[in-house]
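The letters A, B, C and D name the chains in turn, as written, and every chain counts its residues from 1.
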Amino acid sequence: MKRKIRMGMVGGSINSFIGPIHRKAALMDGQIDLVAGAFSYLPEESKATGEALFLNPHRVYDTYDEMFEKEKNLPGDQRIDFVSIVTPNHLHFDPARKALQNGFHVVVEKPMTFTVAEARQLKKVVEKKGLILALTHTYTGYPMVKEAKHLVAAGELGNIRKVYVEYPQGWLSTFLEGTGNAQASWRTDPKRSGAGGAIGDIGTHAANLAEYITGLKITEVCAMLNTTVKGRKLDDDSSMLIKFENGATGVLLATQVAAGDENNLNIRVYGEKGGLEWRQEEPNTLVMKWLNRPREIVRAGWPYLSDAAKGFIRTPAGHPEGYLEAFANIYRAFTNAFFDFKPGRKIDSNKYDFPGVDEGIRGMQFIETVIKSAKSSSKWTKMK
Amino acid sequence: MKRKIRMGMVGGSINSFIGPIHRKAALMDGQIDLVAGAFSYLPEESKATGEALFLNPHRVYDTYDEMFEKEKNLPGDQRIDFVSIVTPNHLHFDPARKALQNGFHVVVEKPMTFTVAEARQLKKVVEKKGLILALTHTYTGYPMVKEAKHLVAAGELGNIRKVYVEYPQGWLSTFLEGTGNAQASWRTDPKRSGAGGAIGDIGTHAANLAEYITGLKITEVCAMLNTTVKGRKLDDDSSMLIKFENGATGVLLATQVAAGDENNLNIRVYGEKGGLEWRQEEPNTLVMKWLNRPREIVRAGWPYLSDAAKGFIRTPAGHPEGYLEAFANIYRAFTNAFFDFKPGRKIDSNKYDFPGVDEGIRGMQFIETVIKSAKSSSKWTKMK
Amino acid sequence: MKRKIRMGMVGGSINSFIGPIHRKAALMDGQIDLVAGAFSYLPEESKATGEALFLNPHRVYDTYDEMFEKEKNLPGDQRIDFVSIVTPNHLHFDPARKALQNGFHVVVEKPMTFTVAEARQLKKVVEKKGLILALTHTYTGYPMVKEAKHLVAAGELGNIRKVYVEYPQGWLSTFLEGTGNAQASWRTDPKRSGAGGAIGDIGTHAANLAEYITGLKITEVCAMLNTTVKGRKLDDDSSMLIKFENGATGVLLATQVAAGDENNLNIRVYGEKGGLEWRQEEPNTLVMKWLNRPREIVRAGWPYLSDAAKGFIRTPAGHPEGYLEAFANIYRAFTNAFFDFKPGRKIDSNKYDFPGVDEGIRGMQFIETVIKSAKSSSKWTKMK
Amino acid sequence: MKRKIRMGMVGGSINSFIGPIHRKAALMDGQIDLVAGAFSYLPEESKATGEALFLNPHRVYDTYDEMFEKEKNLPGDQRIDFVSIVTPNHLHFDPARKALQNGFHVVVEKPMTFTVAEARQLKKVVEKKGLILALTHTYTGYPMVKEAKHLVAAGELGNIRKVYVEYPQGWLSTFLEGTGNAQASWRTDPKRSGAGGAIGDIGTHAANLAEYITGLKITEVCAMLNTTVKGRKLDDDSSMLIKFENGATGVLLATQVAAGDENNLNIRVYGEKGGLEWRQEEPNTLVMKWLNRPREIVRAGWPYLSDAAKGFIRTPAGHPEGYLEAFANIYRAFTNAFFDFKPGRKIDSNKYDFPGVDEGIRGMQFIETVIKSAKSSSKWTKMK
């Protein structure tokens, strides 16, 4: 019989940015309960977070190791079903691996790991344990992104020729990490963020979005990385020419020094027969462009949409859904998979439409390739 | 000690539109649990809804009377704290009144009651019992609407002169109620919807939005009501000239036959020194217009916003929040009030910033006044 | 044999607003030469204007009476073919009448005359003399307005139900006429502007636009006129409910105190099958809304447009045309008519698609009716 | 004494695209008369064009050589003052050179010549003859582009860091040159268009716009050129990473296969203190972005603009100006220079704000550098 799914959380204290986002996303649809957590490496903060979230204090842990150990031994009608890992990047791999090894499904923030090697290792664990791993590339959770993917796959644009994808932000235009800002501090710190700055934090979202919508893999990049703000330890700006497996080409840019920009992730895809355009800041609109007839404004909530999009819409047309709902759609897809899950039955993330371990590997490859390209004086660097 | 708030629901079966909306809005912030419900006048549907929501079957009731009776007698650490009433309009007053009489706080859909008389009666019950009643005029839950109210109150626009407020929808452009559509059926049925069609369903939202942002009461209307679609029993279209208590004037329109429109609630307010503009379909943007300098695009999520808005924002700038978050903000304000509540302490809905029983009375007066004006050959009809 | 058309001008000195606009509009397409003028009631200013425009000083006149008299007696290959009358409103009727009586075609600014009586009289002169009179209701010169009219006439929207038309400006939000501003001075002066302020200056444009696109006459209005700014002598704000001959209803508003607004003339028309939306500030876009499929963005310059629009487009799609081109389209239509003109052949302004004497009468009726309605305590006032 | 300027035209028959554009732009402000032309290499077509334009048949020539020869010998109060050269690219240099050598000022379409060498040679002629040469990089004629340049120069954005400039079109998404389309035929023909396709036709506009607004020179490019449509002889698509002299970096793209796009030239510039954004398709709006305060919407026609922009605006705010007015602004600046011109007095194109021979050389260098870079396997190619 169907029952509510029980979630434990690694990271995401009350002072974090992404913890509350995950919790709202997970809770919104009423299918998931948060019942346990190791919310911080500071036991006091973990405890305070558990209290603020009305958790049973016995299920608020000092470490994720403790959580996995103790939860594993709880009765089957109490123990957590999965963990959400929302720590900084350097703390994704270890808890993900251990969670899986202890029999828990995993939802993990991107980038999935610190290195490509870890990512590949994690895939092996996922496969060996036969469990679900969902990666929160949030933006593919937007219904109109799913509609875009559907329309491309249905051949509406014909063969794809051009892809322009951008993620400009402006929040790191100044030396924010020097002011004690927690978000800026870890995201610009190679020890916690990884080898990539902007390229890892937001460039991976752009690459993932492009590959998701087009169904095409990026095969080569020609990249420029910049550290624009003095004193910063990682890149805060990137732009690159890109090639896709079918011969399509394009541009990808991700920057954190586009002063005054918010989170203007956007993509344009052009094929032989038409083009499409989507912007995260106005996510319920998908613009379709045609060779010989008026543009169409495809909008969330209408009956004319594909089932691919409809399964992830909560409100009627004109009642905007946003970032939290896109996030919740990753959890919704995970939830759908969870309810179908049986030990020994392999879950295909594409079928349920959530980013999985393969997307996690692609992300790490992307970071590695871009950094390699940026250092090279040759034009093109292969991504593999 | 703070604990999760326990919600019961009246109406809102799995087949309803607004039930799931309320539940997502209530659950999102992790402060409220849904623990009981009388979800339908059809016991089977109520039961099925309870199951789908993973409720304890003992707390899924056939009628709200039963729910109030039984919940009242549960131990204090189990029984519901409040009920959400999400039934069609003719079933707001009775359960609201009884809930209050049985000691439960109330969240109720608008319009609050069927008549002005009922609305006034309900206010007496609220006052007598000293409990909280929140009315889900969702749109004032949007942070940028709160910012607009704040900026007007701060005098940024000077004395207000003009108010244009609109709520055009297109979904009733055809005789949809003849196709078995449940939403269309009850909303165009005077027995369930009340004396007003479009004017009650969405006109009240427009009026509430105008009064909320300007802080001014509408004092006179000159209205035209139309039943555009043949066979329809209620108005599906309205427009009116309006006057405000300070001498400002304007136009209010609410229509359900603006073919192709979604939920384009929007408002423009002009004063001596400037103007503002807000649209529900792009709710994170507030346009400020000035006499001698460039327009400003005020956006959700920025540090420059007032505390009035900041307390109701969940995501950083450029990560759009939408309708569900606006809805959740009514619950958030209710939650804040609940945590401050003590028997005998009067809760001021304005302080917590949620629509209360007075807004409910205004809404009923508005419907009554507009209908009276529409029937009159005199230009102006006073609203009181 | 075809030759350039020779224009004379009444009013429109170098210090005026609308004079240069008319000249650019008339000259742009290379079909018209400006050869004469009585540019001001101040002979010195008329002379200075003639010099600035490189005119032959002998053809720069002190008065329009003088111009008509002298030009009439010039040889046929020199004398002006028509006059453009661009004086303040109180000086439209007399020069228009005299120009016609002296055998010159006329292009005249709106409102066509000072009163309905004058307008009717002018029509008689036009008919008696069999000459062309074009009225510069500029906004119907926009190609996408013509496309809108075409689509409505073609039945794309089905029977029209709702019309919302607005002309909000903000430039008279302060007592500008007290600062010596020439535009503000005459436009707020009943002796030069007429009985209507905002309603005559811009309300007539809104009414004309609505009737032009829908092909429907306004039959009744319920109007409110306000003089918002202290000390002003005419209305600076208007709003009204309107009824059309086919039973459609709507709202018309025209205001000059929408602080911070520019020239936001806009219209929305809804029928049984769809809706359309056009905004003067982004005039190359026409939004088409449909009941069950995505909105379409119809754009100037595309091959898919109707001939009605194509005949008035100068640039390819995406190279925006603006106000001056819309204005030039009135002259273009007038030019087309002129080249077809022969004494005794009646020119049908509808065929050439320019506003003529009938639109001039409608405009004066509109002003008169609105003022009458505004003074009345009855709801509806018939327009006839 | 000031008098109307007399223009002759090379190319621009009635069947051409750009000829009528130039004529409207030149005539609009009433400062210029078209009096002569060699409109086509087909004498019949030149003649027919002269007739359609009401020219004196004696001044409609079979060749530009003939025109220069004959006009030169006309009396000083009749002969042309300048020529506009609006032929395909391969016919820019020769008539420009000869016009100058015969004492006529020149307005010439871009790209200025066929090669860098020709461009440099032309500069020598300009300098030797001391005459005016204006190049119609139309887009810098837009007032809001001038405002953008002004604001950058005034330091509003601080040191410039990022420049993104794009010119996407869709009109060559199919093999249009195979259908007999005249525009497509010559623009994709290396013999008439030059070594660059998209990069020459529109890429040069993008580069010019970036250098104009920022006041910075592009120093290096890393380019990819594609011929997307089968059978096409020139590139129809380009994208490149770029570096500027101050260390700023960015992306430039110009494509003609962005299916469904019109003329979406756009630029974003970001500095330490803010950013700006401008789009040709909505040219009267300039978006200013700031680090800690709301975006501003700077609009054409307002008193708050700089003189740099005000000198090129014809209509009040909200009455849109478009492409023809931008074009006319090149002629207006040329006209201003012409009226100041005296033999021996050097005209500084920057002072009058029109693109001159140096911009022409930059354009040719840009084409050459991009083609070289596209063929190179090295990442960066210097532009000099």
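Just so it is clear, a contact is a pair of C-beta atoms (placed from the backbone, for glycine too) under 8 Å apart; a residue touches a chain by one contact, two chains touch by 3 or more.
The structure displayed is predicted, hence computed values, not measured ones.
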Legend entry - Comparison of B-C and A-C (more C-beta pairs in contact): B-C
Legend entry - Most remote chain, CA-based centroid, reference being chain B: D
Legend entry - Distance from chain C to chain A - Cα centre to Cα centre, in angstrom: 55
Legend entry - Chain centre separation (chain A, chain B; CA means) in Å: 34
Legend entry - chain B-chain C separation of Cα centroids, rounded to whole Å: 44
Inset, instruction - Could you tell me which residues belong to chain A and also touch two or more other chains? - result: 261, 288, 295, 299
Inset, instruction - Under the touch definition given earlier, write down the residues of chain C that touch chain B in their complex. - result: 157, 161-162, 164, 168, 170, 173-174, 222, 224, 226, 228, 237, 239-241, 249-251, 253, 255, 257-261, 268, 270-275, 288-291, 295, 376-380
Legend entry - Residue ranges of chain C in contact with chain D within the complex: 2-4, 17, 20-21, 23-24, 27-30, 34, 53-54, 169, 171, 261-264, 280-284, 299, 301, 314-325
Inset, instruction - Quick one: which bits of chain B touch chain D in the complex? Just the residue numbers, please. - result: 288, 292-299, 302-304
